[in-house]
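The following blocks contain the structures, represented as structure tokens.
Okay, so subunit A shows up in both of these, paired with subunit B first and subunit C after.
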Partner chain A sequence: MTDDVKVADKTDSLTDLKETDEDLRLPSVVEPAHFPVETIDTEARHQTPAVGQRATRPDGRLHGLGQTKYIDDITFPNMLFAKMKRAGISSALIKSIDTSEAEAMPGVAAVLTGKEIPVNSYGPSYQDQPVLADERVFHAGDPVAAVAAVTEQIAEEACERIKVEYEPLEPVYDPVEAMKDEIKVHPPHSNIYATKRIKKGDLEKGFAEADHIFEGVYSTQMIEHVPLEPHASIAQWDPNGRVTLWSSLGRITLGRADIARTLDMPINKIRIVGTIVGGNFGGKNEITTEPALALLSRKTGRPVKMVYTREEEFIASTTRHPFIMEYKTGVTDDGMITARKVRLVLDGGAYCSWSETTLGKACILSAGPYNIENLLAEAYCMYTNKTMTGAMRGFGAPQVCFAYESQMDEIAHKLGIDPLELRMKNAFHEGSASPTGQVLQSVVVKDSLEKAAERFGWKEDGQ
Partner chain B sequence: MTDVTLTINGEERSASVPPETSLLRLLRDEFYLTGSKLGCDVGDCGACTVIVDGMPVNACLMLAGQVDGRDVVTIEGLATLEDLHPIQKAFEEFASLQCGFCGPGVIISAKGLLDRNPDPTKEEIKDALSGNLCRCTGYTKMIEAVQDAARILRGEKEAA
Partner chain C sequence: MKKRGKGMGCMWYPIGFTVMANPSAATVKVNEDGTATLITGTVETGQGSLTVLGQIAAEELGISTDDVHVVSADTDATPMDTGAIASRTTYVTGNAIQLAAEKAKNILFEVAAPMLGVRPNQLEAKDRQIQVKGFPQSCLPIGEVAAHAQNGAGTPALGSASYNPPTVAMDPETGQGKPFSTYVYATQIAEVEVDEETGEVEVLRIAAAHDCGTAINPMLVEGQIQGGISMGVGMAIQEEMLFDDEGRQINPNLTNYIMPTSLDMPDLEVDIVENFDPTGPFGAKGVGEPTAVATSAAICNAIYDAVGARIYNLPATAEKVLAAIKSKDRSDRQKYLPAE
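Moving on, here comes the complex of A and B:
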């Protein structure tokens, strides 16, 4: 290490540190424009010069100029455009795929089917999702073939000319129905592909101590992330046998391993360039089209780009799990919760994706931020023949929050207790233990509730 | 093929494109003006907003053939090498953009508004931006930025 390396002095302000940056920026505006610097004088927060200062986003200027390069803004010479043929049937065996007419079309450079993919399965925890469905279709958005052509229109038309013969199978759409395992989505495996159970205290004793028992079933719907930028990737297979992928993928390291597995090649032959992402929200956490694009590039020797249409975002990318949540809660006359029993059924759709993580987090948080001595929470994640569900902001936390807070309101209403007071009585305090036994520190739920109630005038509203 | 000649950001440009080509594809694929984004391709999200003869429009819903002989301003036409447009500057200062994908469309909609109405109310700003979806949901700071830019454009506030 040389001596002339400048280490940031802790007394430097952000403005000092940014001066050099400003000189190099285009358009070279006269002065860096910032908010007046308001230094918050809290002694515990003096670790870095950034704390307590207002800053502008370093990427804000490029965004506003329209100069940020998202995937679809990147073009390579000789680049091809890919489209995928979607099954349009939610459960079926694939009898045959005839791509001859599509391949013969002028402008079509290559057609790819699942049989050509070295390891035709992927997924962050279970590898249950085919890159291109080859033997069986698990949901209507499954791709069954991919086409690379000189224009998007030609690729789309070629997809229409691919003939697929299906043997329709009976689908299952309802997650509670799927629990019976009468119709299996991924035979011979059970539809229940992940479970979690949390037990604390003595449930029977807890319900015996209660003066009132409340039971309710709550459900939430499937939600798509709808990032403004659709999923997009470009693949370029080079003559040295290495593939470079520009992708809107958020987890590039994980994606690299998954792509190496599907292509059955060493990971060091795969390079991923994670470009600036136009919104992720959890929906761009796993690979989608990348292996297929890599192979199309290999077949053609040309770079291949694919951008999801808005429709594909809805039918072929992950979504938020719909939940069916059964809550049974025992409460005393004065509003203390004595016991709670929770059963969560997660509709996982056709593939696991990040369901395990969602299931775990939802189950742990399902009792809410309340001191409940006697608890049983059971959660099941189900395969159904629908668009797969995966990671989305909160990993299942918002769904259970909807259920337990809805029930808290019902309890308050029935017992004639102020909803805020009911929550204050039961809420976690410093040193409370979570359902899994974690002793909690810096617990400010009561302070937050009080402050929020004060700010929006809860009392004045006469609630 | 359809031949079009139009003015883009003050410069006359010509192209010959298939008749189904949208204005957005013309700008992005023929002229490499990729600042206007393709978000939905059906006129819902506003990420492709450009100004045609003074009016903000969804470039994905307009055919290239329809802009023959007309004047188009895109996000690339706002800044100079010397200075940012006051709206762009305000968006940077107020950190109005997160992922940024909706940004060019929002800024163009705001410019369309301020060109017609230099002193809009908050409601009028909201109305002007109602065709632009931001999934990171940062509308508050966008509105503040438009208000600030309007003050600068009216000469009530010095550009920082």
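Moving on, here comes the complex of A and C:
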């Protein structure tokens, strides 16, 4: 902010605030649209039958021309910009939050804390995540207050002036350590917040039938979705008490129910408009800032927008679960799998989010696409004081696939069987029973193995 | 010295999600000129789902992709949808759309039957016409039938429907049950080059053969596979969120969190495995997530083939690969779980 900018004084009336807005507003740059007006359609879009056509996407042309309107491109008259104060400490009790200095700042329209949220918790499975932390901090990226101001810069500066007093608590970061439940992330609840078990056949008998036993421990890392467009929303509370949210949310029906719950409002008073989303990959499957923005809009009577920074995208959105995976597999001399035992430990981060689903899918899929009569798979998901893990493209499958396919490779090399042949021997076929006893249909594992091997030149290659 | 190796990864993946019902609903309206409007609560998140869903409605009505306009993602106006999640959109939302379009089509058949002097069940919708099965010379343009349905018969052609995948609850003790309606299958094979002196891995090419049931739009399926592989490459050798001793992230930015750019991408050879699932819309299943599943396994198996070093702990960064080459033991396997 430069010195010559006129600012509203501490007792800012709406008029003063309006003047501040106008002074701070950047000159509007209206770029004329430079694109051919006639549309180009590929032949495939006009063909019948429609299924099987390589039809182009109608949104592709808008993306290519830079004409797509993402939330960051959308603006409304008198719109405010929100920022959130992040805890920066991974486990602590909140003793006090002093927002007075931030509220007194010129250009700040409203400050919101967790105490003002009607039901300050959410989550798709368990409602263990606060919209704004008000009593306790569970990971360093937790928001503790939100500010709406006439510019993003003022909102950010106001966040810095919010004073939070913490009483630090002993944190736990390692999921194996967390499993002991000596330090609880969400007391009195156990850190082991979800488990899954798949049992089939007779494990001992299966291992007894094996000529070779292979054991290995595999682990994977925490990964961020990194969508090009970060999480973004605009909230507008209208004088009839109805709120409209433009959001990058990927599941608006369930999101609306979650928002209604946090705001303690009837569902029909909430409208969510799903905008064009610049990448989701599972990371935008739950609400984030929407309830706080709705309440800031109610407090100010103005539309409020918030777009995550890239850093917030990392520290405050969901991520891919790190896995620790223990595999024990019994195999005969000719490469037939007789038994497999799997134990999975998932680092579930500070909140459940989609961990329960991830755990379930990982457990079901953990034996691989192979006929294994004797199987035991057990999976545990742990709270830790780290960024929450949740849905991400593959829901636990990439992690277990890394483990079971690495071990398949070890088996192949040890037994001197070609890796392709080993998989062909054990692969599901039409009518195979899955680990959960489901009779499988439209099974083409072997076709995919053969097709990929043929395309790659697996057999010709002399390596 | 740089050494080359090859490795494969094979996988299966379910369509839709378990734990609770995950339905979708849809409405299809046929306009007076024979074009149609599809109303769905799903969100386009960049994967091209609205194009594919439009193709499903078009196919049921016998019209083209361009004849269908898709309206989506407004909770005030569009029917419920469980969302763009769990690779379920083509399969679950697609089934709802096919059922909704069928209802609209049946209204067209009711209206067209007396015009053509046949029973409604003798009719089919094909090439923008309502025609008699086995005698296509007897036909009416779909627009003429739709206009008559609305302005003559007073029964505008529209339909709404919902779909939820049939599942069987899992036994809590043994996990036995039918958690998902259907699954897809895939294999990816990677060729890598490993620098023995630095441990650096370059992924040279990946052949990917994926099942998605019927490919409603093969171009978009290929796009999903290519994109999924890019995420798989990142998981295999580059991406990792790191924390300091106090639980704060140390690389929450794209300078220090390394992910693949177009320059890191291997040559991709993508095949769609021919398949048909009788429970999917026109035989389709799904493809979004499975594309990112097998890549890291294929790459790490190729690293082993190249230099004999087994990676147990992702990502296979140059440091880790070099350490594994030097020790060739299982030193990075020490992170054992506590005894049961």
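To be clear about the criterion, the second predicted complex is superposed on the first by the 413 of 463 C-alpha atoms of A that agree within 3 Å, B and C clash if a C-alpha of one lies under 4 Å from a C-alpha of the other, contacts with A are read in each partner's own complex, and residues count from 1 in each chain.
Following the convention adopted for this analysis, contacts are C-beta pairs under 8 Å (C-beta built on N, C-alpha and C of every residue); 3 or more make two chains touch, one makes a residue touch a chain.
Just so we're clear, the structure is a prediction, and the values are computed from it rather than from any experiment.
By the touch criterion stated above, A:69 is placed in contact with subunit B alone, subunit C being left untouched. In the superposition on chain A, contact is made by A:279 with both subunit B and subunit C.
Applying the stated contact rule after C-alpha superposition, one finds that A:288 touches neither subunit B nor subunit C.
In the superposition on chain A, contact of A:402 is made with subunit C only, not with subunit B.
Legend: residue contacts after superposition of the two complexes on their common chain; A:307 is shown touching subunit B, with no touch to subunit C. Of the two partner chains, subunit C is the only one touched by A:222; subunit B is not. Residue contacts after overlaying the shared chain place A:53 against subunit C, while subunit B stays out of touching range. For subunit A, the partner with contacts to more residues, out of subunit B and subunit C, is C.
Looking at subunit A, you'll find residues 56-57, 59, 226, 276-281, 310 touch subunit B in one structure and subunit C in the other. Of all the residues in subunit B, the ones that touch subunit A in their complex are 18, 20, 28, 32, 34-42, 44-45, 47, 74-76, 78-84, 87-89, 91-93, 95-97, 99-104, 107, 133-136, 159-160. Touching subunit B in their complex are the following residues of subunit A: 26-31, 33-35, 56-57, 59-70, 72-73, 75, 153, 225-230, 276-281, 307, 309-310.
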